[in-house]
Amino acid sequence: MSGMSDPFSFNAGAVESSYVGNLGEAFRRYGEQDEEVLLISPDLGAGPVTGAFVQQFPERFIDAGIAECNAMSMAAGMATYGYKVFVLQMGAFGALKCAEQIRTDIAFSRVPVRILSAWSGLAMGFFGTTHHALEDIAITRAIPGLTVLAPADDNAASAMLAASEQVAGPVFIRLTDANVNPVYDAPPEVRIGRFGRVRDGSDGTIIGTGLGAQLAVGAADLLAAEGLSIRVLDAYSLKPLDEDAIVLAARETGALLTVEEHLVTGGLGSAVGEVLARNALPTKFSIHGLPDETLTVGMPDELYVHYGLTIEETARRMRVLLAGKC
Amino acid sequence: MKVTTVTQSDENDGDASKAQIELPRFRPVTASALHERARQLRLDILEVISHAPMGHYSSSLSCAEILVTLYHHVLRLRRSDPDWQDRDRFLLGKGHVAVALWPLFAELDFFPQAWLQTFGQLGSKLTDHPDMHRAPGVDFSSGSLGHNLSVGLGMALAARRRQRDHRIYVLLGDGEIHEGQVWEAAMAAAHYKAANLVAIVDANGSCADGPTESVMGIEPLAERFASFGWHSLEVDGHDAATLMGAFAQASQCVDKPVCIVARTLKGKGISFMEASPREWHLGALNGADLERARQEIREAE
Amino acid sequence: MSGMSDPFSFNAGAVESSYVGNLGEAFRRYGEQDEEVLLISPDLGAGPVTGAFVQQFPERFIDAGIAECNAMSMAAGMATYGYKVFVLQMGAFGALKCAEQIRTDIAFSRVPVRILSAWSGLAMGFFGTTHHALEDIAITRAIPGLTVLAPADDNAASAMLAASEQVAGPVFIRLTDANVNPVYDAPPEVRIGRFGRVRDGSDGTIIGTGLGAQLAVGAADLLAAEGLSIRVLDAYSLKPLDEDAIVLAARETGALLTVEEHLVTGGLGSAVGEVLARNALPTKFSIHGLPDETLTVGMPDELYVHYGLTIEETARRMRVLLAGKC
Amino acid sequence: MKVTTVTQSDENDGDASKAQIELPRFRPVTASALHERARQLRLDILEVISHAPMGHYSSSLSCAEILVTLYHHVLRLRRSDPDWQDRDRFLLGKGHVAVALWPLFAELDFFPQAWLQTFGQLGSKLTDHPDMHRAPGVDFSSGSLGHNLSVGLGMALAARRRQRDHRIYVLLGDGEIHEGQVWEAAMAAAHYKAANLVAIVDANGSCADGPTESVMGIEPLAERFASFGWHSLEVDGHDAATLMGAFAQASQCVDKPVCIVARTLKGKGISFMEASPREWHLGALNGADLERARQEIREAE
């Protein structure tokens, strides 16, 4: 069994994992190219995201100990000196634990801090319900001035490091640990405020974010074999949201399914639904995510199956949606 | 699966062990019996984790003596009755070592031994961090470090208000102490003179990123708690006799909360874990390594 | 000028205010009737919400000092002993600052703590942008197991104290300080999971929460004078949401305007929009709330006018909505 | 409106006062001149608030001497140039007393005097809590108590990394100290030996709900900071000479952050506020009361 990269150890083999780990190397290289890049993390320096950077630039890593809130506010202070401060946090102890520090010290203050929120969604499901990070899209989208990105896979995540420089303000990057069906072979072009159109299609659209984008592509491929032409949008830019792409997809394909490793309340689905309603677009629409209840525990792979965050279930839901009437 | 457990308890034996028998505070037990139990608990931890894809080794090994001293000597409990109202409460601030609780709870007949084989599996009641609504015997859930001292303080104040003599124990990691909420709770506990609250810090000198003093220094820890208005003690956390004495002393304090700084070794009992506690904070022990680990624990004096 | 009740003082006259203050008396009486009611608050014992209770039952008030997170987790611990623990917090330092404690120690643990989130929205706008509480609906709705209520006025708030006992789990009560156009003459009946239908109508519906409900009623009355029959729904139950009422209003009246003292992102409007989209109801729909940007500062009365949270502007928006086509 | 300000500064006078002249650290000034400035600042506070519907009186009055000592003696600044890169930084942890900063900033030509009349009004640049993007001279925004020591620590570490000799000062309330984040920052500042960081606690003995010791005790405060690895001093926060000495001593410390516990009176200078600081935490002073308050300040020795 596998399904979670070890957050704690430089020893990649300590826990069997499906994680690819390009991001760690990309972050190291990004740091190598730009001396202004600093990293703050609360007792979380090793692991696949920042381990390589920390080993090469120990003096550019500030360990905050297990004090997430202080890490965030400290980052804000350092950023006033022009540094490009990254904060790495576990998904469960990022947006949720530090919502106020992110809003007040980082977003309201408009300092260019980049928050890497790793092990989001169900990635730490083995650890328990406390470690699920399933409300962070809802929280971060409600913070004015914050840019919220959610790369679909490891390559996309690598691309977001430099892309975060497109905005002057702070950026929250929701990293997925999942490697079910990677979307990109190489770091893709990132345009903040835009979705990526990864598959074209006219019978319907699946909009996915993070793991959801991986599932969307897989499902579209499955459905293609059945003769259905499904558009896939990679919703990596959650704030700002690509309203144009949503409206266009609704107009051109008439059916929208959203997929995300987040609660169905307040996530991508809510955001897309709201856009459809505001534009009074009569569209077949359905949200696929995690139920708004206390979720169970287990390894991510198992949980994905348990909750239907799979390519097959995504395809099935799309079939049901298309079969229904608006 | 074979989970090594104590089949004969000090308190009771034979079939009657299933009965809801009260286990009084500070029940007689020898230090050497506790040491033996700690050894067995370490073996249990290895076995229980072996059913899961991974587990928290070094962190659970460091607090074996603390936990057995609490569950076999200090806490007032009722066998087979985890929800007994007048039990003392125990909260696992450093929730990632729930695996060390499960064998103790099974032994207390809080749930069947067979559950131990389900540790960490999909939907299991026995999770990597304790969940009060899943596993009987868990007095409060944990997982996010730094919360449980606050929760325990709430219980301590509630118990006092209800005029119950319950005592509330909270086990904290020495990295957990970094969390500001711990100091909010420490401040409030002293302010409200919560003498029925005892914090034990498993001062194993190491958090996830390495030695606690190099990651984020916390010393002088006992002094910090003292300056926050606590009665604080510093003891060898692997010596059961000392721990018994410390808990006895703690129970005498009537005007302040008590902090026991228990100096321990992270990975205690398994040489390669003691040598690199960080690599074994989370891990999967298999094959020859697992055998070697068992061997070392069995052979330790 | 007026517009904010003094959070700090037993001296009601210290700051001129439009606040009525029935809630304080209701809370005192509630506490009088039930000895199990306790109050925890972070250095916020006085003021209109809890001052009377604290003065009558000083020994049932636990001051947590300025340590909001500890207050929340402590409340969770006390609640395990069967007490009915209320936590009073300022809106800005409630859901945002303690999101994790609310999710993990209170909601996940299913302890019956009641959080009184006072001075929400723009009530503390004089203090500065840090004191706006405009993202709390987004945050609390994303917490599984939490019931989220938002009384329209002081009478409604009084009714929610006892109503919170309808649920076994925790309840978050978002209190408005506004008294622009009170909806209720007396504490209304509260049915968790339902909206209140305060005005019937067939030409369109305004759904308001908190101050929004006050504005909705006022706007409906204005529009009635113009011959328009406008339904008003008081969305006091934000989680669970009254999907039936939303669907019915869309079907029967064809046009929905939501009004709230919350960011337009992630609040009532988002929630209602999502329901419309999921039900594929082609409806004229518009969200009236605060823009998703760093807001300015001032007294609440001034800010309401500045941002159009007035009866007149609400009525105007409804007219525009009705004039538009779906 | 007439805001009482110092028209002749120690550093400079006449028209040239508009120039970007550097004000060096520990520039010569007498203690009695600082006392006079503190008196004027108190009068300014009353005037500035009078333009708004309400304001934080007692809390701003307690720190008048601290603020004038900082802005007229301790901090390295540049007149008319609030964004000068090599200034020392000052953060107002207890953000609710921004009203006490505005007259000082106007005097430093960070913005026009006329702005003072807009305090607390819709869209004003001068807000009840300081906003770094609104008012020139604000080194960081505040409003939620307990954040700014962390932010200041971040600045201190960044300054050191850039090899700038900037010194970072953070003023905290004694109730603000309840916030756990303050202790996270305290721990980290000691760990990183941020000797360029100075915390001043305005220990006015009172928070919003009443006396700090009865709401939530924080004593022995200096000892708590010391146990967290800080160099800590305890001084009379209304005595300028003592404050000057404390800041001088703080600047000598090379291996630790420094905490100055400044003992003050909440409402200092106005008898009815000193008598009930809680009722005047937030308030609106009008008519005869305002006149009486002015009178008392003018007449105090």
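For reference, chains read A, B, C and D in written order, and residue numbers begin at 1 within each chain.
One rule holds in what follows: contacts are C-beta pairs under 8 Å (C-beta built on N, C-alpha and C of every residue); 3 or more make two chains touch, one makes a residue touch a chain.
In this text, all values refer to a predicted model and were calculated from it rather than measured experimentally.
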Quiz item: Can you list every chain that touches chain B and also touches chain D?
Solution: A, C
Quiz item: Is the number of contacting C-beta pairs greater for A-B or for A-D?
Solution: A-B
Self-check item: Centre-of-Cα separation between chain B and chain A, whole angstrom
Solution: 36
Exercise. Starting from the mean Cα coordinates of chain B and chain C, work out the distance between those two points in Å.
Key: 42
Self-check item: Where chain A and chain C are represented by their mean Cα positions, the distance between them in whole Å
Solution: 31
Quiz prompt | Overlap residues in chain A, where contacts from two or more other chains coincide | solution = 64-65, 67, 69-70, 93, 97, 100, 104, 108, 129-130, 294
Practice problem: Would you pick out the residues of chain D that each touch at least 2 other chains? | Solution: 133, 141, 143-144, 178-181, 184, 187-188, 191, 216
Quiz prompt | Touch-based graph of the chains, sorted into line, ring, star, complete or other | solution = complete
Exercise. Would you mind writing out the residues of chain D in touch with chain A in their complex?
Key: 132-133, 139-141, 143-144, 147-148, 150-159, 161-162, 180-181, 184-185, 187-188, 191-192
Quiz prompt | Complex interface listing, chain C residues touching chain D | solution = 1-2, 6-11, 14-16, 42-46, 63-67, 69-70, 92-93, 97, 126-131, 294, 296-299, 302-303, 306
Self-check item: Residues of chain D touching chain B in the complex
Solution: 178-184, 187-188, 190-191, 216-218, 220, 223-224, 226-229
Quiz item: Contact residues on chain B for chain A in the complex?
Solution: 52-54, 95-96, 120-124, 127-131, 133, 141-146, 175-176, 178-180, 207-209, 215-216, 278-284
Quiz prompt | Residues of chain A defined as touching chain C within the complex | solution = 93, 95-97, 99-100, 103-104, 108, 129-130, 134-135, 138-139, 141-145, 239, 263, 265-267, 269-278, 280-287, 292-295, 326
